[in-house]
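Below, chain A partners chain B and then partners chain C, in two separate complexes.
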Partner chain A sequence: MPQSAEAIKDHVSLFREPEYKEMLREKRINFECPHPEETVREISAWTKTEDYREKNFSRKSLVINPAKSCQPLGAVFCGAGFDGALSFVHGSQGCVAYYRSHLSRHFKEPTSAVSSSMTEDAAVFGGLNNMIDGLANAYALYEPKMIAVSTTCMAEVIGDDLHAFIANAKDKGSVPKEFDVPFAHTPAFQGSHINGYDNMLLGILTHFWQNMERNPGGSINIIPGFDGFCVGNIRELKRVLDLMEVEYTIVCDPSDVFDTPSDGTFRMYDGGTTIYDSKAALNAKATLSMQEYCTKKTLAFAKEKHQETASLHYPIGVEATDEFLMTVSELTGKSIPDALVRERGRLVDALADSMSIAHGKTFAVFGDPDFVYGMCRFLMEMGAEPRHALATNGTKPWAKKMKALLESSPYGQDCEVWPGCDLWHLRSLLNTAPVDFQIGSSYGKYLERDTGTPLIRLAFPIFDRHHHHRFPTWGYQGGLQVLVRILDKILDRLDDDTNEAGVTDISFDLTR
Partner chain B sequence: MSLEYTNDRSFHEQIIEEVLAAYPEKARKRRSKHLNVVSEGDSDCGVKSNIKSMPGVMTVRGCAYAGSKGVVWGPVKDVVHISHGPVGCGQYSWAQRRNYYVGETGIDTFGTMQVTSDFQERDIVFGGDKKLRQLIDEIEMLFPLAKGISVQSECPVGLIGDDIEAVAKEKAKDLGKPVIPVRCEGFRGVSQSLGHHIANDTIRDWVFGREKPSDLEDPTAGFEPSPYDVVVVGDYNIGGDCWASRKLLEEIGLRVIAQWTGDTSLAELERAPKAKLNLIHCYRSMNYISRHMEEKYGTPWFEFNFFGPSRIEKSLRAIAEYFDDTIKENVEKVIAKYRPMADAVIDKYRPRLEGKKVMLYVGGLRPRHMVNAYEDLGMEIVGAGYEFAHKDDYQRTTSYVKDGTLIFDDITGYEMEKFIERIRPDLVGSGIKEKYPIQKMGVPFRQVHSWDYSGPYHAYDGFAVFARDMDMAINNPVWGKFKAPWAEA
Partner chain C sequence: MLKQWIAEAFNEPDCDTNRAKSTKDRKQGCSSRALTPGAAAGGCAFDGAKIALQPITDAAHLVHGPIACEGNSWNTRNVASSGSQLFRTSFTTDMSEQDIIHGGEKRLFRAIREVAEHYRPAAIFVYITCVPSMIGDDVDAVCKAAAERFDVPVIPVNAPGFVGSKNLGNKLAGQVLLDRVVGTREPSRRTPFDINIIGEYNVAGEMWMVLPLLDRLGIRVLASITGDARYHEVACAHRARVNMVVCSQAMVSFARSMREKYGIPYFEGSFYGISDTSAALHEIARLLVEQGAPADVIQRTEALIKAEEDAAWRQIMPYQERLSGKRVLLYTGGVKSWSVVSALQEIGMTVVGTSVRKSTDADKSRIKTLMGEDATLFGQIPAKELYRMLADGEADILISGGRTQFTALKTKTPWLDINQERHHAYAGYDGMVAFVRQIDATLHHPVWRQVRSPAPWENSGDRQ
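For the complex of A and B:
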């Protein structure tokens, strides 16, 4: 009997017991009508060839294992960044269950959002009644300070008009007339979650700014963008900006709501940009986006409102942080304090101490366009060589910008850029043009299994490792975190490769 | 063993009144029909079910696509399942149900992959049928060992008037493989439940009822039936559940010719009608096809329960009634073989779990099926509810729960929070969306959809894991750390 009360075996070891192995073997042979093992081996080997790669890259319609999600996920993430805001997604209810699950699996935190629960009749007659009842119920039960409305593809296909529906619901008394209900159309069949973030943010700022007169001040707005590391990164931003004594507003700050304490109280809302600050943000001197591809429309809107604008690409490492600080300094006239110069020196010091470890190592990087840009930039800074830079939601202009970045360094010369490609494309790339390591989200674990390329998890979503998002990847401090993650993976791998007693352990060095 | 206890009826009635008070009037009227306190001897739980969720209340429910792709079809391992529509649905449901299977993913099996048509605006405007045709050819090019293809419709497909059935017929002929169109658009029905039903119907119509091109051999050819052939229906092999059940069924001398649909192959779907008995685990999601097999092939079905030793013993004996004395004798031998292990597990954990109060809010099966497994460990069920149950599920529930148990159908986030705040159960079993809010409140929690990344929980081998996990959740040292020592008591 494989199981016992003394040493309880769960799925990890139970099914490796002989009884189970035999049972599963018999199941396969007798009932599954499997392909001959030889055929499976043959096809498996073929998927690793140039021929397969060519076929794989010839597909026009099929998408396999994409590294992107749909717009409303970004809208719900965006809504979470505002004080007391409840995301309300107009359309089918299953979608909202999915966004909540997806975000909770990454952050290991509650994610609150409601749906207007449209069904077949609403598909025929439109979802106006769902909006009217939905806003009333959400307002009464969850006492939000505002409700941020976005849409699923169902509502978009049938053409529901949020502006009119919300006005109508207010007329019916679902929520008070003056209650804030910003909205954004977020069709899932355009762009990805980063566009949903942009659209929702634009919707919120448009709502607050549209009837206001701008009274320019000295403060700056910082928009972090869609970021799985928002908890660590936004806190790091605040620390750095406080050190610089800059007057700023983080526009969309989910760092607290995705990191609430366990003390006996469930906080459905926590922290976030307040309505007051959202309004006041119109008066800012400038708006700085930490992720250009998450904020194209929002930045254009800020510019329209006569604010200066600037944007970065997920600043990781020395140069990118330098650029961030200099941009802030330029926009605000504040100097960069000595404390930060010392932090910079410590990151450079760490890079110098470890220079030989990552140097020349090759990498594949996948994720959102800004992340891939920032990550490749830091890799090149350590003398590591990105070889594949892939963003399923990357566009041609992004690819062009990536190429310019890669050409700027001798370490980027052999890197290819893959906009619009998915992780099944990457599988072929890793099989035919292998690299030492990959950096991306948890989805990369299948590539690790299939191609043996070790994965460093630094991009959203991370489902199978805990708590990394609580630590920053931005700024000099964030750079240190990222550096250590990469070094640890390289050195663990080196130890694994050199630990067979009497065979490979001549290189099993105590000090490395 | 049966545990004697009752729940506090008047308290439960009072907290129902309390939560209802928060709703606007129209919503209050509707929600009041979904909450009740069950009485001993009732024929059902006295709640309305399987009706639309109200907008804006934070239902836990999913959609028909989740019921079809996520539950019934997704685990069929040697078939490629296309999430047909925009990218999100397939992304969020990618590899999240933990339907374990054996095979080389991407070569001869495709379970933990996200295959999608990734609809763009032009597909909405011009229709997706052309793309679907091309996409199926591309699947055939890259995955030649796939035994078939299913098309799992997302919301837009049904709204833009695509004819996926025509494409499926055409491509099935082209490829000589089944192509199964599933109309599980998320706006259909009121929850996952209709998706289960639609998926069941497509097995009936497109697997059993498929026209077999003459150049293809009959999938059931060469199959030698035996008098002990059974199918396990509605076990999705979460964390290997179905394997634990299979082992037990084989030990009593039965031959499991198919597992529906955890770790299943197309051949197992096709051959199932040859079985002598269908053993249903999840009645809610697969009773439809079982009833169809009963009508069409005369196969009887039986709803069994392998959660916890007392139900396992009861189920084994009931299953044996369908067979000859050999099986009956085997059942007694197997029970005798496992009882010492089950007793040892109970002896180890019951003292740590005795009297602990549990609330369950799950899909369509577990709020009743798991009750006795908890009671075997001395724990008491104080409240139970389903996301997408129907009337017959609530009827089946009354024989499991005790007098005064709080019943909640399609619970809202608000109700759940308030009920837990007032009842303060020792353990809540529900899903990922509920896990973190409840744990923040200081209440131990286990996910009982995914087994919280553990399992199996079925059969004797699984019961040991179940007991271990409940203990580690409830008796974890972290619960004592919520208040700082300097804080006032």
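For the complex of A and C:
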């Protein structure tokens, strides 16, 4: 017996014991009807060839290992950014269970969201009753300050009309007439979670702004967008904006609800943009989006309301942060304080100190379109070379913009852009055109296993490493974090490659 | 057709509760709680079906639907495989608006072809989600055509999310196996000691805690349904002598049908807890002998049970002192709601409440037997209520799944994972020792001192 009560082994070592190996081998032979090992090796080698890559890229109907989620996930994330707001997803209930798990696994925090729990009857007759009962129950059970309604594909296929349904529910007394129930149609069969974020935000702002008169002031709105690092990033944004003495509103701020303290109080709602601030945001001089592809419609709406608008692409590094600060400065007339100039100098110093380490290293980057843009930009700043830039939810216009970015630097010349591709495409890319490192979400770990390309986890979702989201990736401080993460991976790898005593340790140096 | 298929799933002659129901009540299904719109909700039927089938490791699991169902969930269950890792790969048709307007059948057919050509899997399971079901894609026909064309079993799993809960999804998955997989192949050899283990999914390699015990008794698991399963073994399952149902009522219909169709007797048991494990081994041996196996297996089993129990208790005793009297709130579902209760009671812990949200009535009556009529059985506990219970100190530890983990921690209550994301196997004798060790480690972790005391400069009293 390899396992015994006398000395319990854990899952890592237990199943490697000879008895288990034998048991599992027997199973393979008896039940797996396996191909000879030689065939397995041969096919495995073939999947790494150009030939297979061509076949893989001719896939038309099948998506394998997608690096994207659906619209309502983005809508639930967006709802979490408002004070006392409960996300209510109209449609089948299983979807909401997924969003809660997905966000909880990443943020290590409880995630609150409810469903209207539509069943087969509702699918046939429409979900009006579910809306009526659902709003009433959610209102009574969870005492929210507002309910942000979005939809699963089920409700969208039937064509449930949220506007009419919510009015109807209010007529029936589900929630008080004046209670805020903004809504957005978020069909999963169009776009991805970044569009869901955009639609929900548009829904919320439309709800608050539609009957208001704009009275322009000097404040600016900042929309962070869908971001797995929102906790660290939004706090960093606030710190920087406070240093600049800018009057601002973060529109959609989930940084507190996704990072509540363990002090004996459960906060179903915590922080977030208040209803008052959401309304007042109409009077802002300008609205700045940190992630253009998360906010296309919302920005257009702000423009319609005669606000100035500007957008960035997930600013990481010196240049991108410069651009962010200068944009804020331009919009507000505030100067960039010395404290930030010094921070900038320190990041530049750090980049210079380590200039040789990432220089010429090649990278694959996958994730949401804005993230991939911002990440590639920073890599090039470090003298590293992005080679594959992939976004499952990237569009052709995004690809065009990416290409313009890559062409702007000698380090981007050899990079190809892959809009709409999945992680199985990336596997072929990493096999046929290998790179030194990949940057993306936890799902990249299987690519790491299959292709030996070390993974740096900097994109949502991160399930298998803890707490990184609590640190910023934006601003000069964020740039420093990202730099250190990349350097650590490169140097760990170098140590791993040189640590066999007497064999490879000629360059196992103490000082790197 | 879908309606009829669901109705059949709710008709279970082997379930006393089900038989006692009126036809109308039976149609409502087994879940005691109708779904409440606007309240926090658990997984759907699709989720349940996928969980039940995905551990078939050498099959490809293709989700036909928009990105929602697969994009938010793929590869999030830690079920272990000794061979193929194909089941971890995510396949979806990622339906778009055009597919919904024009129908998704062609896209599905092509997707199946692409799976077949790229991977040559042992079989392809095709999951039908809400959208294709609503627009009327004839997935059965597509699968049939694809199976013929590509010469691979293509099995439609008709459990769209809107038909009901996770538990129902489990049931429907069992029905799919019964209708389309079991009995389609023959094992290369048979022994009088062949059994199937049903409803055990090998979370964290849990089933492997038990297999060595069976090995020592010369009992062969012909098919495990579906922990670390291969398609071929599930297809051969009809040649077993005895079925053991682990995940309670969700798979009882499956076992009952196998008894009717193939004459295989079954029993319900659990490998959580020492006495439950012993009882299960004993029952396996007894039924095998009844089916014609040599009678000495019973003595051998008894000897093994004695030795294993002694060894396990030797290890557990030191903990008993540290854990006895500690109060546990158990918030999980299905089989775990009762099988873990007895396990905890064995070490002298008090179970202050257990949830029965995915449990069936039979699960519930079992809990009543174990905990007495006063037992607090919860359905869905709203986050607020759960928080209140923990904040009021009604339990010393919460044992639950990931979605409630962080709520517990906010109330300063120790928490232990018992659902799919855990990394320790708790089944069998050794698993029980591991479980106790984990409870002990969790309860006595030094972090609670930090968590529970206020900052040193604050002298306001806080819950200790």
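Simple rule for what comes next: the second predicted complex is superposed on the first by the 508 of 512 C-alpha atoms of A that agree within 3 Å, B and C clash if a C-alpha of one lies under 4 Å from a C-alpha of the other, contacts with A are read in each partner's own complex, and residues count from 1 in each chain.
The rule is simple: a residue touches a chain if its C-beta (ideal position, glycine included) is under 8 Å from a C-beta of that chain, and two chains touch if they have at least 3 such contacts.
Just so you know, these numbers come straight off a predicted model, no measurement behind them.
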Answer with clash or fit: chain B and chain C placed together on chain A by superposition. clash
Scan A:Glu19 for contacts with chain B and chain C and give back first, second, both or neither. both
For A:Ala85, select first, second, both or neither according to whether it touches chain B, chain C, the two together, or no partner. neither
Have a look at where A:Leu282 lands relative to chain B and chain C in the superposition and call it first, second, both or neither. neither
Once the structures are superposed on A, label A:Leu347 by its partner contacts, choosing first (chain B), second (chain C), both or neither. neither
I'd like to know which partner A:Ser44 touches here: chain B for first, chain C for second, both or neither. first
Identify the partner contact of A:Arg59: answer first if only chain B is touched, second if only chain C is, both if each is, neither if none is. both
Based on the superposed arrangement, let me know which partner A:Leu426 touches: chain B (first), chain C (second), both, or neither? neither
What is the contact status of A:Tyr98 with respect to chain B (first) and chain C (second): first, second, both, or neither? both
Chain A residues touched by both chain B and chain C? 1-6, 8, 10-11, 14-15, 19-20, 23-24, 27-28, 31-34, 55-56, 59-66, 68-70, 72-73, 88, 91-95, 97-102, 104-105, 108-120, 122-123, 130-131, 133-139, 141-142, 152-154, 157-158, 187-190, 192, 260, 262, 264-268, 424, 443, 446
Would you tell me which residues of chain C are touching chain A in their complex? 2-3, 6, 35-47, 58, 62, 65-76, 80, 82-84, 88-97, 99-100, 106-111, 113-115, 117-118, 122, 130-131, 134-135, 161-164, 166, 188, 204-205, 208-209, 211-212, 215-216, 228-230, 232-233, 236, 308, 311-312, 314-315, 382-384, 387, 391, 402-407, 409-412, 421, 423-425, 429-430, 433-434, 437, 451-452, 462-463
Using the touch rule from the top, collect the residues of chain A that touch chain B in their complex. 1-6, 8-11, 14-15, 19-20, 23-24, 27-28, 31-35, 39-40, 43-44, 47, 52, 55-56, 59-66, 68-70, 72-73, 88, 91-95, 97-102, 104-105, 108-120, 122-123, 130-131, 133-142, 152-154, 157-158, 187-190, 192, 260-268, 424, 427, 443, 446, 450
Tell me, which parts of chain A touch chain C in their complex? 1-6, 8, 10-11, 14-15, 19-20, 23-24, 27-28, 30-34, 55-56, 59-66, 68-70, 72-73, 88, 91-102, 104-105, 108-120, 122-123, 129-131, 133-139, 141-142, 152-154, 157-158, 187-190, 192, 260, 262, 264-268, 424, 443, 446, 463
Chain B to chain A touching residues, read off their complex: 22-24, 26-27, 52-66, 78, 85-89, 91-94, 96, 100, 102, 104-108, 112-121, 123-124, 131-132, 134-135, 138-139, 141-142, 144-145, 147, 154-156, 158-160, 186-190, 192, 219, 239-240, 243-244, 246-247, 250, 256-259, 263, 265-268, 271, 337-338, 341, 344-345, 347-348, 412-414, 417, 431-433, 435-442, 454-456, 460-461, 464-465, 467-468, 478, 482-483
